[in-house]
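Residue numbering begins at 1 within each chain, and the chains themselves are lettered A, B and C in the order written.
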């Protein structure tokens, strides 16, 4: 695909996303699209970590939770301005990524995956049990809307734009990274650790940075979620959620940002198909919602068996690029 | 001047002595070959010389500095590069991109300059791309530049790995069987390439089975057999050395 | 002066859950030895065992037959899963196998949800009667069943591996696939067998403990983490280590819950998992993986 065609598509998508709240009036629908954005923010990070650097994480929901609870705690208990809360959320999550990455560096493949799983489970436990800080099983409520100075961001349109603006910034950073040396370093690490070492790549540094960056994106998403929905609980940040995020990256395909983003949109919207397409018969919509999890489970299997490079790979082969 | 100094390197795996007190020097500006029957310990030795493995005893000095105990990356950055017998390319990237990774061996690992599209990062990428193209042309494989490494024929893969190793600006290049999988024409071209590389100031230590190439290219040869050095010297001398002949051909008599 | 009866009670509880973990851990170890990969769906085999057992009982089968059928059926599911989803990629990257088994675990859980609903279900105890009293501690009859069945399974495995041709073939395959093929062993069938056995062991565990804890479509994930922690505590790839790891994990959990706070029960397995991975990935019994009984 020519650079111009690609650029045109990107601009088209950006315009579409920007204009969407002006066209879609349904508050519920707008919320759904906002959730797509929140998921996308996490998945961009996972696309870098897994799709490019080849490191499996089964615990990213833990970083989302870290960001959410940090931000919520600061906003409600310490009453710190919203921007600081969100920045702190991303920062704490990034620190969490660092703390996890360092001892995990020597671990290969599946051992790393299990370490991230352990981390995710630990976070879920912590969120559940640290009641004074997190509100425990009953969750943390009363989180105020985002606010910059006196201006409160609270209409569905404004919240949508806030999230998608963040997504755009994240995608821009990620795209810059993947198109240049760090992107090649990640792909080198994934392609052959020996070859990467022999080519002067600092594989430790790359792994850590990929972890920390993806954790930061996840934490940012969590912090935004907290202030948008106003209520968070440990059941949001479970291993099942982590698996879902990873699934979106797997299905979307490796060495690609567009693929995982498309997968995020498809899989998130799948659950709200009846709201999206009112013309869809009630039973079909119900059916799809009942089988939503089945669909993405089967999709994971199908991708691994038949299309290992995911949606992105299918697109590339189709185009012969 | 001695660029690489290998002293009494010994490496055991369980009861097997893979490398047995091997010592030799590599002088700057020369091409030295390391030969020996299969299983003679050549690749194991390479690993010990480049930080990928730690020998049980012995020492290695490159450019006056000890090598043992340093990480492979550190070794590369100090000017000692290598290729692998089992080519380790990055299959999802093009040949050009593979070489670019090597070209940027001396840069920092930060994500931030690239993320923010800072001008010096972009300039570095452009330079790396130019350097990678130049090296591919030097080796004669620039037509494969945009092919994915995973799609390259075996012989070309080895050459790309050589280009990538050269991209790290080494002073000493360790090549592990670069001619494997090359046809006679390609082998001749490889010989010319090795001369060009040497003339450009890169010293070469090459492990090879192709005796024709070895004889043509080497200034000096080291022969290993079952982990131990059995001969060292210029090609003509090695050719006639009875111990070498015996190692390769068993106890058969050889008519000159 | 610690209360001996209380300690004994904790030990009994620990060995009870430990036996369950041992069975699940054995399942992980079997698949790991055969494929070099971690089977994320192992927990779901445990779940399926319990659920199928309840279903067979509801169909009118006497309990022993229901249990046997559930184990066999789950083993069949395991084999089928391997044939469809794992065999096509079995020569590739173990990471792909992990991901495919993640997908499989989702699908299996969903199937259970669709077939059996979201509620908790109960399996009758294998034998009725009051708890046994030994040295001041009470042992439920079902606990004795759990121990008996676990011991039976372990002994069965040992016999299988040491005495039968089939078992020896499995050992050979896990030690050296290519050599095994050369002597005529169908390596791929051995992998299928490993999955079937792992599923059977998981199902047995699920059935044995279902009368005590009830079962539901979503119990798989939790037990999976614990079972894996147990397997890696002992050392992945070593069946004896798996059993030891399971019992040890159960004891640690029980003692922590009893003497510290019940809250810590779930934390123990996670802490153990991370500690082992970071400090001693080869597990307590060391050995890099392919040692068999």
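Simple rule for what comes next: a contact is a pair of C-beta atoms (placed from the backbone, for glycine too) under 8 Å apart; a residue touches a chain by one contact, two chains touch by 3 or more.
Note that this is a predicted model, so its numbers are computed, not measured.
Participant: Take chain A out and leave the rest in place: which chains still touch each other in groups?
Facilitator: B | C
Participant: Closest chain to the overall C-alpha centroid, by per-chain C-alpha centroid: which is it?
Facilitator: A
Participant: If we define chain centres by averaging CA atoms, which chain lands farthest from chain C? Would you check?
Facilitator: Ranked by distance of C-alpha centres from chain C, the top chain is B.
Participant: Centroid from C-alpha atoms only, then distance chain A to chain B, rounded to Å. What do you get?
Facilitator: 42
Participant: Measuring from the mean C-alpha position of chain A to the mean C-alpha position of chain C, what distance in angstrom results?
Facilitator: 33
Participant: Can you compute the centre-to-centre distance for chain B and chain C, using the mean CA position of each chain? Integer Å is fine.
Facilitator: 49
Participant: Which bits of chain A are touching chain B when the two form their complex?
Facilitator: Of all residues in chain A, those touching chain B are 173-174, 176-177, 180-185, 187-188, 190-192, 194-203, 205-206, 209, 213, 254-255.
Participant: Going by the contact rule at the top, pick out the chain C residues touching chain A in the complex.
Facilitator: Its residues touching chain A are 37-38, 85, 88-89, 93-96, 98-100, 102-107, 109-111, 114, 221, 225, 228-229, 232, 263, 266-267, 270-271, 273-274, 277-278, 281.
Participant: Give every residue of chain B touching chain A within the complex, in rising order.
Facilitator: 50, 52, 71-73, 76-77, 81-84, 88-93, 97, 100-102, 104-107, 109-111, 114-117, 121-122, 124-125, 128, 149, 161, 164-165, 167-168
Participant: Chain C touches which residues of chain A in the complex?
Facilitator: Per the stated touch rule, the residues are 56, 58, 103-104, 107, 109-111, 113-115, 117-119, 121-122, 125, 129, 239-240, 243, 246-247, 250, 290-291, 293-294, 296-301, 304-305, 308.
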